[in-house]
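Right, one structure below, let's go through it.
The letters A, B, C and D name the chains in turn, as written, and every chain counts its residues from 1.
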Amino acid sequence: MTTIHNANIVEIRRDLHAYPETGWTEFRTTALVAAELDRLGYKLYLGSDAIAVDERLGVPSDDELAGALRRAQEADAPEEYLDRMNGVTGLIGEKRFGDGTGPTVGVRVDMDALDRTEAGDNTHRPAQEGFASRYPDKMHACGHDGHTAIGIGIARTLENDDEAEFNGTLKLFFQPAEEGGRGGLPMSRTPHLENIDYFFALHLGLGNETGKIIAGYDRPLSNAKLDVEFSGEPAHAGKAPEKGKNALQAAATAIQNLYAIPRHSDGATRINVGKLTSLNAQNVIAERTEMRVEVRGETAALNESMLDAAERILIHSAAMHNVNLETELYGKSTTFVSDQSAIDIVTKAASTIDNVDEIVEQETIGASEDASFLINRVQELGGKCTYVGIGASNTAGHHTAYFDIDETALQIGVDVLVQTITRCAIE
Amino acid sequence: MTTIHNANIVEIRRDLHAYPETGWTEFRTTALVAAELDRLGYKLYLGSDAIAVDERLGVPSDDELAGALRRAQEADAPEEYLDRMNGVTGLIGEKRFGDGTGPTVGVRVDMDALDRTEAGDNTHRPAQEGFASRYPDKMHACGHDGHTAIGIGIARTLENDDEAEFNGTLKLFFQPAEEGGRGGLPMSRTPHLENIDYFFALHLGLGNETGKIIAGYDRPLSNAKLDVEFSGEPAHAGKAPEKGKNALQAAATAIQNLYAIPRHSDGATRINVGKLTSLNAQNVIAERTEMRVEVRGETAALNESMLDAAERILIHSAAMHNVNLETELYGKSTTFVSDQSAIDIVTKAASTIDNVDEIVEQETIGASEDASFLINRVQELGGKCTYVGIGASNTAGHHTAYFDIDETALQIGVDVLVQTITRCAIE
Amino acid sequence: MTTIHNANIVEIRRDLHAYPETGWTEFRTTALVAAELDRLGYKLYLGSDAIAVDERLGVPSDDELAGALRRAQEADAPEEYLDRMNGVTGLIGEKRFGDGTGPTVGVRVDMDALDRTEAGDNTHRPAQEGFASRYPDKMHACGHDGHTAIGIGIARTLENDDEAEFNGTLKLFFQPAEEGGRGGLPMSRTPHLENIDYFFALHLGLGNETGKIIAGYDRPLSNAKLDVEFSGEPAHAGKAPEKGKNALQAAATAIQNLYAIPRHSDGATRINVGKLTSLNAQNVIAERTEMRVEVRGETAALNESMLDAAERILIHSAAMHNVNLETELYGKSTTFVSDQSAIDIVTKAASTIDNVDEIVEQETIGASEDASFLINRVQELGGKCTYVGIGASNTAGHHTAYFDIDETALQIGVDVLVQTITRCAIE
Amino acid sequence: MTTIHNANIVEIRRDLHAYPETGWTEFRTTALVAAELDRLGYKLYLGSDAIAVDERLGVPSDDELAGALRRAQEADAPEEYLDRMNGVTGLIGEKRFGDGTGPTVGVRVDMDALDRTEAGDNTHRPAQEGFASRYPDKMHACGHDGHTAIGIGIARTLENDDEAEFNGTLKLFFQPAEEGGRGGLPMSRTPHLENIDYFFALHLGLGNETGKIIAGYDRPLSNAKLDVEFSGEPAHAGKAPEKGKNALQAAATAIQNLYAIPRHSDGATRINVGKLTSLNAQNVIAERTEMRVEVRGETAALNESMLDAAERILIHSAAMHNVNLETELYGKSTTFVSDQSAIDIVTKAASTIDNVDEIVEQETIGASEDASFLINRVQELGGKCTYVGIGASNTAGHHTAYFDIDETALQIGVDVLVQTITRCAIE
């Protein structure tokens, strides 16, 4: 794309799709959004002005960040905004409309991609039409490219639509690092969540066909992700097995007991060990084993109780095998309940949009979602919130190599949100 | 090195050290040795003439083999011999000396390097003197570069030494893929082990200082290595954990029970899981987990009983978690006892060498060794064998990044073996 | 008690409390109830006429049954009915009232006690007032003595109350072996559940104070209990550990993996290993290990999926350690939903009873309950059912040594049920 | 038996066989031996004079001890000696022979029986001939009844044999509680082991036929036995599984990891969990689990390293599941090497005995043996020791219900030991 300003939201989505950036490396994405919001007259809060830097979770290594920044520069990200980010991705744009006497409305979209290789064959539209990922092991496989495009679409529409009667203040939150629940918490710990009257987050797809709107998509499981490292001592497994301190035995003990954390009568809980690597040769006692663990709970308290139990098991699995343990919180999300008044606004807004053919008031999200931290913060301060499901027919499941979205849903998303924002002033 | 013919054995060792090749990829090494033995008038058995190809264990993928061959070509390996190898490394050179009425003597050396990165700082002599590994993740860290050089040294000395009274047949076995015990078995299943009267294998270092010779280094633990893959089904760990078939839980169950195989009253046994990888994201039930398992036993029977128990545990760990299991033998070695008559010859031979200052008759090798299959085969057919330890002071432990050997041991090795071969004709 | 006919329901309850009989040994209890129903003109179905004998679960050994029968005889159980039982406990009494044109109503009470020693100190009313258990390790600690007394009270009241307008058929089910879920299934597999219009089961206490009635107590977790035996081979743990086949290692592997059965997104599941015995000396490899396992599920399907997973884990834990496995279903219950029409009858009936001060329409039972099989069978054939909670203030938790019930609840139970039965004819 | 003084050693052995007493309850046995040694003029050290009372291991409860004492009284144990024992079993008899200028010689026999029921059918000689165990669950199934009889036989023979030239001091150690390794340690911590020149212990059977003598039976595995109790919290497994603290899960985790303690390159090790009991109902989370654990090592150091590892695993298995842990040392033994000079004396002595037809100089004992503590103590102070195997053909394995010994071995045992003692003075 020559410049973002000349592109429509489908083109923008396709451009972002071609240059996917994973959590905390959304340099190009942030810079492009910043350029467009700047043009539209928004006040910009970039990088450390949008994120409580010290509370970021699951930040990649300095090397990875530097590499990603270089890649963004090579892919024509506007230098001005890259400079202003100062190494930290994420952006909040704020603008007063009309006489400014109306409510303050927040909208949050997320921008990050996944570590996964996109399908390259012609049965996959992005490949066939030439906008598949340029990066071998990164992919927008969850629709956040579309969310970002919708965010820009909202800004443009409110600007250009003469009929729009919105006379309050709009804050657009372009959140980094949603995957793994890493960016929601640090974004919620900024002053930007204060004085918000209405707050909306959104998600495309999730099994909902184009034309369906879920006005109050809520009650996700709370979630926490731990990075775990067991460090023992290597030894020759034939000559002196007793000299080893076996990190892999510690991990196996942990796995057996983690899945066996008792079920809870207060509600659903979850536990998983998704990743494990332990790389010694066959004849060497395992000296270093890394795991990625995840817990969930129907409530924040259940999630905390799972996290406590997991940590206790990890500590004693390590001590039992005389190995050291390091754990680091990789990501976290909590749960929330949408506010009826916010749900009502979305429901009414959606009913005015032509291409919407089904509106569901409330439904439970199966997945976890770190917009929960922003929503909790706004609600704590008295604002009303909901999370909106925007139906978007998918060719394949989220997080898979053939994931793609029906792009007609982008405009529906823009329309529903613009109507919603406008109606906040009316209610 | 311009050509191998102009290089002395220290130069040859340093050249091989700079171009380390791991098991079944010793293309350049085999070709260089072939060129030199060819010049010295040996009959050459290359590749599938030296190895029972179908019985090879732990062969890398076709891609890896092709890459290694290309690398050998780029590093000036003589094309003629690369062609004759036809993708299979390993070499046997055979020559008749004098009237040929003397005994047939076999000498086996190994040629392969390890998957490990060599130290690059100036405290490490190979780095300082410019012969450290050219390849980032390969290294001669067990002295096989020296073994190969000694093999060539033996051939040259017997050729050039006018006083040498050897009048029998010499077979030099340049074995590939000793690490992991992958090349010994298929080399033992060739007709070249037939009609051998005396057979010697050798190893540098192993904790013995330069000047020390162990005439009968024997009784290694028998060993088997298994590559294991558990294949289950992924599922979202939050939304539908019950839909997963958890390969990592199967592996953890296996690990807990593998280490718990009962000890045996007949002698020492060993078990280890050196490597495990399971690479799903945190929120996905593990769908594919790979492990590398190793068992050992003081006798071949104990080793087999460990292997049986390990396989039973693997099968039922998989079935318990509804996942598929594939296992493949990666490598194998057995045990052996040196023959007294062969030990006696080495003892006498070593006592004639100036730089030898300590001779040990018999000692147990802690490690495993797949020369055992060649030795067992020769003994089965009536030949006498021993395994010779050639002291070589080391700067650091075998298989570590700073491993280097005292090169004065190379000539000692050549001298002891040449004397030994010559004496076989006398005894 | 001289004879049951002279005793009031509080006295009957106290007599049963003093002579507690556990599952399938309710000889005295059944015989006493039979004597009273016989006097009141009920047609009696005893033992194998009330129970599908071959489908009984968790039946004690012949020795235990014989001992219990002897004990019943010594405690003055009427011989006539003991004879007619022919070794099988349980009783159904059936009687037609009025012109018999009204509906057929079933009421189920359970009769069995628990394996537990009753408190003997004077803070415990049954001890102080002399009706504590005569048997050292048996106790009515769940109120089934009261249930049986209520059953008799219902029969008497309907008989004696001139105002009672019930003109249908009453079937009273005195079920044995509710604890562990052993008697419900075989009682449901008899023809007595056919042609029932309304069916009621009941329970005292369960945390509800005297005066509270729960008209639709339902949705218990489905449940299955397995008796498990691992049989291996003993061996001297010092001299020949490899000769053992370790039943306890099999059990430990099973336990670790049973608790780790994945949680299910369809609803709550449970798993427990309550009992384990393995009795070798320290220096002998465990040859025989017995376990008692229990699974539950929010639905019958979830319960079955837990049972399947548990069986798979048990099979492969045994096979992994080369030991034999025997499993036997000890008990089972399922879930049910009360019918609104039956709930309505109970609600109205309860509202007419003076001592009832709180009526709850519907509540979930936390525990499992094998009346579920009778209820499912009646519903399958078109009858309407509910399970009624009869508040009864308790001094201590169910299944504990100090458990006792407020006996004023007995008459409330009788009154609510008699009113309910009568109203079935009216609705 | 009317009195022990009138009985021959076969009759004594049969009497002891009929009244078996397990570790620390050998009241009758000790009293009978005391009566006989008293008659023969020995100085007696009884109970706390023979045993370091505070260092006793695995002592039964006060109730059990009181019951055993009562049983001894009922079985005509002489009250005088029961009184002098003051609740502690075990006895040392000391006597000076001739001019007393010869060496001091110690002989140790053990007296305890096993917790096991003896076979009662007529294929079992003790049953057929009427001397099978009078106590339902106790049995002399390891020949200690014979050892005690041999001890008495030695005392009598030295007394009566006019030709005996022994002119030193004899100390006869009648040790309690050998099974489990509970009595050796506290007997070794008394002053009686001081100033002993030669020390002999003995064992009948152990797979050796009558007529075979092993002069230097040594190098048993060191051994330690732990009693373990995990205490958690019960909870209803259906209603509130999360409220439990699961003692059985802790035990299962411990078992899996105990058997998986790494093998040791210094020599053989052993681990076993012989007994486990956990007695909750199926629907209650396990609140209390007891285990009996045993470790062994080829050396005392290996045994200690196993014990350390076992304790670490137990501690962290408990902590991982939030349950309490109590461990208590139940028994312990160590290893020893017989002295050549003592072996030589036994070899010469045995060669003079007519019924001895095979003498083995040295052999390894497979089992553990707590005479090791007495032997270690004597050797530490400069004495020479050996452990003598007395062949005695067995009908069935040690510790089984059909175990019996060929009683002709008793006199052989007496003869070999008397000759040995006499020769100590000559050497």
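We take it that contacts are C-beta pairs under 8 Å (C-beta built on N, C-alpha and C of every residue); 3 or more make two chains touch, one makes a residue touch a chain.
Since this is a predicted model, take the numbers as computed values, not measurements.
Chemist: Contact counts by the stated rule: is the higher one at B-C or C-D?
Modeler: C-D
Chemist: Name the chain whose C-alpha centroid is farthest from the C-alpha centroid of chain D.
Modeler: A
Chemist: Counting only Cα atoms for the centres, state how far chain B is from chain C in Å.
Modeler: About 69 Å, centre to centre.
Chemist: Can you compute the centre-to-centre distance for chain C and chain D, using the mean CA position of each chain? Integer Å is fine.
Modeler: 51
Chemist: What are the residue numbers in chain A that touch two or more other chains?
Modeler: 239, 241, 246, 249, 253, 256-257, 259-260, 262-263, 265, 270-271, 285, 366
Chemist: Quick check on the complex: what are the chain A residues that touch chain D?
Modeler: The touching residues are 239-242, 244, 246, 249, 253, 256-257, 260, 262-266, 285, 305, 312-313, 315-317, 319-322.
Chemist: Using the touch definition up top, name the residues of chain D that touch chain B in the complex.
Modeler: Counting only chain D, the residues touching chain B are 256-257, 259-260, 262-263, 265, 268-271, 366.
Chemist: Can you check the complex and tell me which residues of chain B touch chain A?
Modeler: 115, 180, 221, 223, 225, 236-239, 241, 246, 248-249, 251-253, 255-256, 259, 270-286, 289, 292-294, 296, 330, 366-368, 399
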